[in-house]
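In the two assemblies presented below, subunit A is common to both, partnered first by subunit B and then by subunit C.
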Partner chain A sequence: MSTNRRDFMKAAAFTAAGLGLLDAMPARAQGAPKRGGTLTFAISAETPHYDAHGSDTFATLHFGAPFYSTLLQFDLANYPKVKGDLATSWDVAPDLMKYTFKITPNAMFHDGSPLTSADIKATYERMRNPPTGVVSTRKATFEDIDTIETPDAHTVVFNMKAGNPAMLEHFASPWNWIYKASLLAAEPNGPKTKIMGSGAFVFGEHVKGSHVTGTRFDKYYKSGQPYLDGFRGVFMTQPAAMLNALQGGQVQAEFRGVSPAERDRLVQVMGDKIRIEESSWTLNLMVVFNTEKKPFNDPRVRRALHMAIDRRAGAAGLARTAVLRDAGGLIRPGSPFAMKDEDLAKMPGFGRDIKAARAEAKRLLKEAGVPNLTFTLHNRNLAQPYTPAGIFLVDQWRQIGVNVEHRQFETSPYLAGMSSGNFDVAIDFSNLFMDEPSLALAKYVSFNRAPENRSRAIDAELDRLYAAQSHERDFKKRFDLIRAFEKRAFDQAYQVPLLWWYRIVPTLKTVMGWQMSPSHNLGQDLAGVWLNT
Partner chain B sequence: MLGYLANRLLLMIPTLAGVAVLIFFMLRVVPGDIVEVKLRGDGGQVTQETIEAERTRLGLNQPLHVQFVQWMVGLATLDLGNSMWTDRPVTEEIGVRLELTIQVAIMASIVAILVAIPLGTISALLRDTWVDYVVRIVTIAGLAVPSFWLGMLIILGLLYYANWLPPITYTPIYVDPVANISQLIWPALAVGYRYSAVVSRMVRSSIIEVMKEDYIRTARAKGVYEKLVVSRHAMRNAILPAITVIGLEFAFLIGGLVVTEQVFNLNGLGKLFVQAVSRNDFTLIQSIVMLIAVIFILSNLVVDVVYAWIDPRIRYGGR
Partner chain C sequence: MAGAVSQPVITYKLRKRRHPVLEFIAAQPLGAISGVAILIMLFGGLFSELVAPYDPFDIDFGAMLAAPSAEHLMGTDAFGRDIFSRIIYGARTALTIGFFSSLLGCTTGAIVGVASAYFGGRADMIIQRFIDVILSFPIIVLALVVVAMLGRNQIAGVDVNLIFAIAIPVMPKVARVVRAAALTIRDMPYIDAARAAGFSHTRIIFRHMVPNVAAPFLIMFTAYVAQAILLEASLSFLGLGVTEPTPAWGLMLSGNASDFYREAPWMILFPGVAISVAVFAFNLFGDSLRDWLDPKFKV
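Then we have the complex of A and B:
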């Protein structure tokens, strides 16, 4: 069976509907959008800088997406289809080797200067080939781009080195904010500290530790939008303070997600004033073993720790209190390329007989000479879902005689500790914005090719399988290659999935036009949001 | 008196120099690297060359004594440098938070003084009566209940009984006094309760002590009204230890309200301090520590001056 990119996306949409994902996004009685008002929403972390090209945290997107435009964006009403943002139309060569975009002539930056194809080119050049001193976490994503041409001010052409079936979706990535070419030329790292976008809102102020504000950009290129006069994003790192503010109407939404217990409290207290939307989430927690440290360089030790985790019981228990729900493989459960549950149960670490798995785990540890293993679990200090996940893991490993010290860090030291290899075992996360296998598996490619692989493992077989699946256009063949990749990943257990997340978003019923999706990275430009007050 | 003040202000210099030496070298001993945290804290791919370049830019590759001298020169010229994390001037980073924190500290001190002095006095004068017992229960509860927990109760109480919550972002008092006070009065009350309990206990025990003194007995023997005995003779002496406690508590509040700030979502100095420590932002940590040291020293100085003003027997600088 041969499948092209469009067939694949149709399959994805169909599967999403089958999963009940679309059911979980209730259609709202929208009516005609009203203009005016200021949306105040909570952001549960503060961005360390303003540059989305070098960021992997939602805190940057929720802070800055309203100030910027992208070439394409996901059409959340028809997720995972894409639609134009700056692009008014596009053409993809049949062999996927050339992408031509026509961009709107009406777009301009907030300083009044026109946005042209030169700005698009400069932006993508910065992401795929960052100048010295510029950090781009999107470099690998765009490594298939060969050259970028700008035949005129409103046309941009991407010539590819290799056909990538998911390239169009990558162009819709919410991280690809378009920066102004002349400012990048003058100061390549300028976007870290200065905001100059072409989005629906003009940057107002960022009071560190407190809030960010934006006001409507009257010359926004989408006619009639934005509807809001402005927005205020308030940094609220304590869930209790955020819930109180939501309950008291001081904030009208929290777009990342709350826990089931927090949802229940809001519903109980606020009744029909609060809207709850739920979805599976393109995010999973992973357990990462530092393969450069003994004894985690021994596959028996990694496999033992992997097998000792009862994910099925964990999913049932943690789903009551944490934003964790599904036990699954490397691809989001239920999405087109995901492993079926009966196949998953045959994989080490995902079986249904946890007693047998733990007996095997103990045997492996003894064989490896570390029956009384002790180590430190490196974790993030966010209540959801890192703390309960960490406590769960400590308990799981205790049951095979392993003693674990659980240490939690603020986000930046947490990430820096993992990136620099300063840990034994860590809880990492895979933050995706779509169900594209190349995106999901990229973290498992060898460390010398994918620095985001925190296990620091080098595995040529995984690299080979990754490359093969990423350029395979036949669905069945690609599906099989992904299964082979997963089997190898679970056997070696450099890093293994723990549980997939579940997204619960509360908004006051006065907030209209915002659309739920399986990713908290999407739909934050606020251009179509309005207040029904 | 002026000579005394000048002397005390001059003595601040070696004290602060000692603090500066301690904090500077202690920070360099603690493990952790701000450049790693800053550049790799996004999970991005950063080369070792980029990390070294950033270290050089921040001056972290220079010998310790050179870094120290540069910092001391900066301190002497009131140039605290830039935050290593945000690259913004330290004065800006601290300034936006200090205004809020100082206001909460002042308001909490006012609450404490207004509550503690009358309560402590009544409790002492009506010792071992039911009034005394009630005041003692209230003050012991104030010592036992953490401020942040009381803060949570206040928030929930406002939410459930008044269906209202204080503003969640700070507005300076000169911009909108109502918004400002309606946000900060609640943390001031939460902190002020514990603060007033400490001061109240001190006032009570001091007055009980003072009321046994010979000069009180003499005053009474001379037929002075009891009210005057208390207000003119007992209070002026009994209040002195309480003033010391008020001074110390005020200085403590400048950096010590981390959890209370989180409960009320306040953008205060305590939260900034914790963030700076977790990021190893040396310039910011050093500056906050120096600021707190200055506030401690100044509040002690103010306490000493108030001592002299209240107690005519105390004359600084005279022979």
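Then we have the complex of A and C:
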């Protein structure tokens, strides 16, 4: 059985329907959009920098997506189909070796200069082959691109090294903000600290620790949009403050997600003034071992710590209080390429007999010479779901005699600590925007190819399996290759999944035009959002 | 001739001196009760492993948000952890941070206050203006700034930077009070004699002045233990103190407690009571100690 783009899309849509994602996105009685007003929303973390190419936290997207455009974007009303953003049309070669995009001639940057194919070429060159000193967490995703041509100012052609059935979806990634070529040439790392986009809103101000603002870009290329006069994103790391602000109407939405208990409180207090939308989430928490540090360079130690976690009990218990829901492998449970539960139960760390697993874990630690292991767990200071996950892990590891000091950091030092390797064991996240194995597995590719692999492990076998599955067009063969990848990943346990998330988004009923999806990375350009006041 | 006049015999009956502890109990019954409360907390904190019925870190999803019962005297939290055990272990956190913060803040403050009074003149003026600046910040704001700047630095399970963050706002308050007490001592003949004998400043300050401000020091030390416990709880509540899963009273009031206080009010009730009792006990004990030690209050 071979998989082409159509099969891939069918499988993805089937999965979405099967998981109840589409049902979970109720169609809103929209009416005609009204112009005007300022949307104020909460952002539960502050971005460490402004460069989406080198980021994998929602904090960057919720902060900056309204300022930028992308080539394609996901059509959230028909997720996971894609639609044009800057691209007005596109053509894909039958062998998936060539992608040709026509881009709108009306797009311009906020400084008034026209956006051309040269800007798109420069942007994608930066992501697939970043200059020295530039971090691109999209490098592995776009490594199949061979050359990029710009036959004219409004046409861009991507020639591929190998056919990739999911490449069109990768072009719709919300992280692929288009930067201005001339600015990139002058300062390759400029986007980290400066904002110059072509999105629906012009950057206003960023007051650290407080807020970010944007005002309507009157020359935006989509006719009539944006509807809002502007927006204000307020950084609120304390859930209690965010809930109070929602209840008091000081903020109108929190687009990342709240816990089940917070949802219940909002519904109880606000009644029909609040809209709650729910979906499973293309996001999972991971446990990452720093393989450059002793004793985590020893696979026995990593495997022992991996096996000691009772994910099934954790999923059932934490689902009541946290945004965590499902125990699963590297691919989201229920999606076409996900491991079946009976197979997962045979994998180390996912078995049903936790007593036996912990006995084996103790044996492995003893064999590795660290029966009374002590280390620091590096974690983010977000209440959901990082704190509950940290509490859970400390308890799990104490049960095999391991003593853990739990340390939580603000988003910026948290990410910096992981990126620089300044940690023992960390709680990381795999932040996906679709159920595509090449996207989900990219984080597990060797560190020298994927800087987002915070375990810093180099594993040629995982790299080989990753490349093989991403180019394999036969579903069964690809499925088997992904299983082999997962088995290798669990055996070596450089980094392992903890639990998958569940998304609950509260918005005031006056907020219209925003669309729910299984990813908090999508739909944050705010171009179609309006206020029904 | 008149007979010899008999001299009246005057007998002095010395009152049998009671043990100072008994004297304190008799003179300050409320102080004694608060002292007992402090001793109970100390015992709980020191011997948590023996007193607590459960491991405070143990998660039991089967007992999540259980109401107070014979099995869990104060109920359980959102992770099924026993609240009574966490309060007992929390006493250790509160007393450790409270005691060391207060000790550090009061000791530094006492030395600065005595030195300021002893040297007088320009040195006194500079030190006092510096103290004025620090005193102009509310104590919680100053602690927040310090803890945010220093970050966290755990040694043997105790956040040393948190101790510094709480001690720094305490220091100027103690310095100001001790200076006032030291000013009266500075002009005493025995200090003049020490100066005339050529003793060093250090010797005069530490051997002859500091012991004479011991009473106000002790009183402030106990009072500021209460302040420090309250500050630690406030900082932990704001997410800047100790981190989960360490049992700490302020921390128990934040996090999931705010989500479940309607469904499980015991999650906030018992830690709140623990903080109140501890602060009340130390304040009352400090007041009683002052009344008992200071002769002016005996008039």
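Assume the second predicted complex is superposed on the first by the 530 of 533 C-alpha atoms of A that agree within 3 Å, B and C clash if a C-alpha of one lies under 4 Å from a C-alpha of the other, contacts with A are read in each partner's own complex, and residues count from 1 in each chain.
Simple rule for what comes next: a contact is a pair of C-beta atoms (placed from the backbone, for glycine too) under 8 Å apart; a residue touches a chain by one contact, two chains touch by 3 or more.
Being a predicted model, the structure only gives us computed values, none of them experimental.
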| item | value |
| --- | --- |
| Simultaneous placement of subunit C and subunit B on subunit A, clash or fit | clash |
| Partner chain(s) touched by A:238 [first = subunit B, second = subunit C, both, neither] | both |
| Which of subunit B and subunit C A:383 touches, first, second, both or neither | second |
| Which superposed partner A:405 touches (first subunit B, second subunit C, both, neither) | second |
| Partner chain in contact with A:416 - subunit B first, subunit C second, else both or neither | first |
| Which of subunit B and subunit C A:391 touches, first, second, both or neither | second |
| Partner, of subunit C and subunit B, that touches more residues belonging to subunit A | B |
| Partner chain(s) touched by A:247 [first = subunit B, second = subunit C, both, neither] | first |
| Partner chain in contact with A:57 - subunit B first, subunit C second, else both or neither | first |
| Touching partner for A:262 - first (subunit B), second (subunit C), both, neither | second |
| Selected from 3-11, 111-119 or 129-137: the stretch of subunit C that, after superposition, runs into subunit B | 129-137 |
| Subunit A positions touched by subunit B in one structure and by subunit C in the second | 237-238, 240 |
| Residues on subunit B engaged by subunit A in the complex (per definition of touch) | 32, 36-46, 49-50, 53, 85-88, 93, 96-97, 152, 155-156, 158-159, 163-165, 167-170, 262-265, 267, 271-272, 275, 278-279 |
| Footprint of subunit A on subunit C - complex, ascending | 57-59, 61, 64, 78-80, 152, 154, 157, 239, 243-246, 254-256, 258-260, 262 |
| Subunit A residues touching subunit B - in the complex, by the definition given at the top | 48, 54-57, 132-133, 135-137, 139, 193, 207-211, 232, 234, 236-238, 240-241, 244-245, 247-248, 250-251, 409-413, 415-416, 418-420, 451-452 |
| Subunit C-touching residues of subunit A, taken from the complex the two chains share | 237-240, 259, 261-262, 265, 313-314, 316-318, 320-321, 381, 383, 387-388, 390-392, 394-395, 398, 405-408 |
